[in-house]
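Below is a structure I'd like to ask you about.
Letters A, B, C and D mark the chains as written, and numbering starts fresh at 1 in each.
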Amino acid sequence: MRLVVERFAHNALALLAVTTILFFMFRLMPGTPLAAYINENLNADQQQAVLEQFGLDKPMWQQYFIYLGNLAQGELGLSFFQRRPVLTILLEVLPNSLILTLVSLIIAYAFGVLAGAWLAWKRGSWIERVAVPAVLATRAAPEFWIGMVLLALLSFNAGWFPSGGASSPGMAYTNAFQRMASWDYLHHLALPVLTLALYLQGLPLLLMRSNMLEVMHEEFVTMARMKGFSEWRIVIRHAARNALLPVVTAFALGVGLSMGGNVVVETVFSWPGIGRLLVQAVSVLDYPLAQGAFLMIALVLAVMNFVADLLYMVLDPRVSHGRKS
Amino acid sequence: MILEVDDLQIHYSTRAGPSGSGVVRAVDGASFAVPEGRIVGLVGESGCGKTTAVRAIMGVLAENGRRAGGRVVFKQQALDEAATKKLLWRDIAYVPQSAMSSLDPVYTVGAQLVEVLTKRGNATGRAARARAVELFDLVGLSENRLRDYPHQFSGGMRQRAAIAIALALEPSLLLADEPVTALDVIVQRQILDMLRELQQRLRLSIVLVTHDISVVAYLCDDVVVMYAGQVIESGPVRDVLARPRHPYTMGLRNAFPDLLSDALELVPISGSPPDLADPPPGCRFAPRCPFALAACTTGTVAIASGSDRTHRSACLRDGEADQLRKAALDPETWLRSSSFATS
Amino acid sequence: MAALVQLRDVVKHFPVTRSLGELVRGEHPAVRALDGVSFDIGSGDAIAIVGESGCGKTTLGRLMLKLTEPTTGTIAFDGTALAGLAGEGLRGFRRQAQLVFQNPFDALNPRFTIYRAVAEPLLNAGIDKAEHEDRVAAAFRRVHLADLDRYLDKYPHQLSGGQLQRVVLARALVLAPRFLVADEPVSMLDVSVRAGILALMREVRDTMGLTAVYISHDLALVRYLCGRTLVMYLGRIVEDAPTDEIVRRPRHPYTQALVAAVPVPDADQPRVPLPIKGNVPDAREPPSGCSFRDRCPHAMTRCAEVAPPLREVAGGHRVACHLELA
Amino acid sequence: MAERAEPAIPTRSSWSLLGVLRRIVAMPLHDPFAFTGLVIYVLFALVALFADQLAPADPLEILFTKTGKLAANVAPGAEFLLGTTNLGRDIYGELVHGTRSALAVGLSAAIIVAIVGTVVGLVAGYFGGTTDAILMRIADMALSLPFLPFVIVLTGFLGASTSNIVLAVALLLWPNSARVIRSQVLTLRERAYVEAARVTGASQWRILFVHIAPNILPLSFVYAAIAIGWAIITEASVSFLGFGDSTSVSWGMMLQDAFSSQALSRGQYAWFVPPGLCIILVVVAGFFISRGYEEVFMPRLRGR
C-alpha cells in the first residue's frame, strides 16, 4: 500500500513537472506571451474572456497558478480555429487513439512474447540467426514509413483496406459506441493497427528472448529440471513467468510511448486521433489546442507509468511482499 | 549399494586455448559407491569435479557438458537419461547449496512444495497441502511460513525449506551439494543435526558434497576424496581421517584448522591443482606430492583397497602408507615440493 | 604498551527506507550495525573479531580504516581522532593503515597489471617514481612471489586465487604500514592454499611489527593467527579475551554456543547438543536489554531490563553477561 | 595455470583509458553484428563525404526534359536512377544528399547524449546524496515527456531548424544513458578494488577517472550508437510531419513529398522505398554496434 502511494505521488509529480515545463515553454516562446493564448481571429469579447481566464494581465507566477487551477478543472481554453472548448475536442478523438494504441499493443505484445520465448528456445538455430537482425530492422524502421509501404501495397495496390479515416463517408451511427463496434470502423482500424503492431512487436520480442535466455540458466530452472517436471512446465510456469516481469512493465510504458509515436501513424492514415490533432494544431499555431493535446498525451503517459508500477508490484512478490525474517 | 558410480567421465567443451585441447575433463574416471542407509561425504577442493559428478547423476549438466563415459547404477538399475527422468525426485532428490537461487522467486514456498507433491507425486491438492504442513513441521518450520515467498526467509530457513522440498516424495537417496557452506556456524550445526536425525528417522542414504572435512567428520559415515576429477581415496570416515593412505588426504588433513587440536601450525600443500584441459600424465597429485617417485608421473594409478577392504586409495606407494603418514605429520616434509614438479 | 587504535562507544546506524507511518510519526528506523563498541588495540598486537554474518564485524573493520564514519563515538589512531582527518592528515593515515580483502578475485582492478596494482599506493602517496620498481620488488619478496618478472606484466585473471591474495597483501605492505585490517582473508581460497596465506600473514606481521585485526567467522582459523579475540553479537562485543580462553573456557553463553558449534576434522569429536535456540533476531528490532536473551538458556528477568556492560571478570578477560557479573 | 590470450595487452606503462579506447576500436572485429554495423556506417559516411561526386547536380534543382517540359514523375531508368519527383527533382540525387543531413543529425545528437549522459551518470552515481537526487529527478522529468509530441511542439513553435531537432532529441535521450551509467557506477563503487584504491589513498578524482570511468566508456558508446538511430528516425518523423528544416534535403522530407503528392496511390515505389531503407540501414547499424558492445563489455547479457 505504501508503495502504491509512493508510486502514485512519483508519477503525479512527474506530470506536474511536465505541465510546468509546458507552461514555461509557451511563455518563453518568441513573440509576446499573449500570442500564445490570443489569436487575432478571435473577436474582442472572446479575447477579453481569454485574458481574464488565464490572467494574462497578471505577473508570471500568478499566471502559473491560474494555469494550474484551470488545468485541475479541465479548463484548457478555446481552440482558435474550431472555436470550441479544447477539452471537448480532445475527448472526441481520445477514444480513437486509445483504441488504436491498445489494440496494436495487445497484438504486438501477444505476438512478441510468444515469438521471443520461441526464439529463445530455438537458440543457435538458423531461424534465430535470421530473425534477430530482422526484428532489429523493424525496430529501426520509421513507423510512418511502415505505414506508407503498407498503404501503398495493401490499400492502393491490392485494394483490401480503405486508405484513411475512421469511417467511410455517408455512414451514420446513433452513437459513438455503435460506430466503434461496426465492421466499417474495424476495417479502417486494421491497417494502422498492423503498422503499429509491426513496429511495436520488436521490443517485447527481443526483451522476452534475452530474459528467457537468462532465466533458463537460473538455478531454480535447473532445480525444476531435477524435480523431473515436464519441459513444458519448466518453460511456462517457471522460466516464462519470471522472464515476463520486465516485459509487463515495458507493455504499460509502451502505451505511453506509442501514444507519442501514434502521431505519425495517425497522420499517415488520417486517423482522427489525438496525435493527428496535435500535428494539425501545431501546424496552424493553434496554441490552446496543441497544449491540450500535448497534456492529454502526457497524462496518458503518466497514468500508464503508474499502471506499469502497479503491475510490477502485483507480479513480483519481491516488491509487494517485504522482507519478513 | 544404493548407488554405484563406475568410471564416470564428464567433459566440458570450451573454446580451445593455447594451453588446452578445448575439452575439460571435469570428472575423469571417478568410481564410488553409496551403501544403503549411510551418509557419504564427497570431499575435494573447488574444481575437483565433486559438484559436476553429483549434477551429472541428477541429469543436469551445463550445455557444454556431456557424459563421455561410465555408468551410474541406482538400486541395480543402470541410469540412462530416460531412467533418470523417472527416478528424479521420487527416488533421488537434491539439496542445493544456495536455496535462495534454487527457489523460484515468484511463487510461495508452499506452492513450490505442493507443485512437487501434485505434479511428481500423485497427491491431490488437499492432500498435498496437508502433507506440506507435515513436511514443514518435519524440518522445524512453522506452517504459516508456507504462504511466504523465498525472499522472506532467512538463509537457514531457506535451507530447511529446500530440505522439506527434497523430502516431499520420500526419496531413498538424497544428494546434497554443499548444503551448509553458505550458512553461519550455528545455523550450519542446526541443519547438520537435523539432517542426521532425518536420515535415521526416514532411513535415507545421503551423499554430502563438501569441501569441509570437519563437516564430513561431524556428519558422515563414509568419505570419498576427489582430486582433479578422480577419486583418490575412499572408506569409512574414521579410517580415512585418522589414518589417511593417500598423500593428498594427508596434506589436506594438515592444512585444515582444528579448534581442539594442540598443534598451532597449519601446513599448506604447495602448488595448485592441474589444469583439467591438459592434465599431467600419471598420478595427478604427483607434481605437488612430497613423496612422488619417477614412476608416479607415468601410467595411471587405479584405486585399490589395502589390507582392510573398505578403505581404498589410489597411490603407488600405498604399501608404505604408514611410513608416509608419519613423515607427513612433519611440516618440513611439505616445504620441499615434489622433485618432479620443476624438473 | 600504548594503544595504537582506540575505539570509544562507537555506534553505527544504517538508515533504512522509512514506511509512510514512520515518516508521519517522524521516526528514523535504522539497522544498528554497531551499538556501543569500545576497545583498544595495543601497538604490535594482533586481535581477531569473530561473529556471525550481520554482527557488525565488517562495519567495524571499515570504521577503523575510515572507509565509513561512525554515527557517534570516537576512533583514534596513534592518538589522533580519525573523524578530523582530511587532506594531508588523511593521506598520512592512509599510508599507515591498510586492508586485505576477502575476495582476491575482486580486489584488484582487472584493467591494471600486477605491477600497476602494487605500485598504485606508492603513486597515491607521492613517492618518487624512481623508487617504485625497487619497493614493489621488495613487497613481492615479502609475500614470497619470488620470480618477480613472471608476474609484473600479468593481469589479475591470469593468476590463481592464492597468488592473487599474495599480490593483494603485497599492495597492502608496499607502503610499510603500521596497521593492517584483514577481512576474511582466506575464506574464498581453497583449503590447501589457505594455510600458506595464513602462515604468510603471521610471518609479515612478525617481521614488520604490524598491528593487525583479523575479521572472521571462523573461530578455528583465528586460533592460528591471533592471541586475543573479540566475539560480537548483534553489534556488540559480548566477550573479549585471549583466544585460548575463548576456545577452551568461553564464558558468555553465545561464545559457548559458537565454540560448541564449530565442527572439527575428527570423526570421534564430542557431539554435544547446542545450548542455543532460534535465529539471530532482526537487527532493526533487537530485544530489549541483552540482545542475546531470547536465545539464551540462562536468561533471567534482569536480562530483559538492563543490557549487561562489558566488564573485566579475570585478567584480560571481559564479558557482557549478567551471570558473569553477578 | 591457464593463460588466456588477451588481444592488445597494454604494457606496464600504458594508460588504461587508452587501453579501453583501443579495445573499443578493436571490438567490432570480434563481433559479426558490430562489424556489419561498422561497415554500414563507413559506407554511409563515404556517401556523405563524396555526395557531390556521386550526384553532382543540386538535388533541389528542377529538371526539364529535352523538349523543355517539366521532367515530373519520370520512371526509374538510365537517366534518372530512381526516377524523378512530381516537381521534377532527381530522387537519386536527393537520396545521396540526404545522407549528409541524416548523419549530421545522428552524430551531433549522439555526441551530446554521450557526453551529457556519461557526465551526469558518473557524477550522480559516484557522489550520490543530494546531487544524485536532483539529477535523477530531472532525468525522471525528461523521461515523462512524450517523446515525439515534445519534439513536434518544440520545433513547431521554436522554428523548424535541424539544430532545434537535435536539441530536442538530446534533451529527451540523455536520461536513458545517464540512468544506466549511474546504476553501473553504483555497482562499480562497491567493488573491492575501488575500495582498495580508497584505502591506498587515491583521490576521489583518481578513483572516478582511473578506476571507474574506463568501465563506463563502453556503455557511453552503446547509448551513443542507439541515439544516432533515434535522432535520425525523429528527424525523419518531424520532417515527414512538415516541421522539418526546409532549406536542406533529408530522407524524411523526401518521404513527406512522396506522401503528400500521392506517390503512394501512383505506386511510385522507387520514390518512397529507398529513403526508408536508408533510414533502416543507418539505424540498424547503430543497434548492431550497441549489441556488439553489450555482448563484449556486459557479459551478463552475453548469450552464454
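Here is the rule we go by: a residue touches a chain if its C-beta (ideal position, glycine included) is under 8 Å from a C-beta of that chain, and two chains touch if they have at least 3 such contacts.
Just so you know, these numbers come straight off a predicted model, no measurement behind them.
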| item | value |
| --- | --- |
| Chain hops separating chain C from chain B, counting only touching neighbours | 1 |
| Selected interface, A-B versus A-D, where C-beta contact pairs are more numerous | A-D |
| Rounded Å distance, chain A centre to chain B centre (Cα mean) | 55 |
| Computed distance of Cα centres, chain D from chain A, in Å | 24 |
| Between chain D and chain B, distance of the C-alpha-averaged centres to the nearest whole Å | 53 |
| For chain C, residues contacting two or more additional chains | 160, 279 |
| Contacts with 2+ other chains: residues of chain B | 154, 157, 272 |
| Shared interface positions of chain D, touching two or more other chains | 1, 3-4, 304 |
| Of all residues in chain C, those that touch chain B in their complex | 52-53, 160, 162, 190-199, 217-221, 223-224, 247, 257-269, 271, 273-274, 276, 279-280 |
| List of chain B residues in touch with chain A within their complex | 58-60, 85-86, 88-90, 94, 96, 98, 101-106, 108, 115-116, 119-120, 148-149, 151-154, 157 |
| Interfacial residue positions of chain A with respect to chain D in the complex | 10-11, 14-15, 17-18, 21, 25-26, 29-30, 123, 133, 136-137, 139-145, 148-149, 151-152, 156-157, 163, 210, 213-214, 217, 256-257, 259-261, 263-264, 267-268, 275, 278-279, 282-283, 285, 290, 293-294, 297-298, 301-302, 305 |
| Contact footprint of chain C on chain D as seen in their complex | 1, 3-4, 6, 9-12, 16, 19-20, 191-193, 195-203, 206, 211, 214-215 |
| List of chain C residues in touch with chain D within their complex | 65, 67, 90-91, 94-95, 97-99, 101-103, 106-113, 115-116, 120-121, 124-125, 152-153, 155, 157-160, 168, 171, 175 |
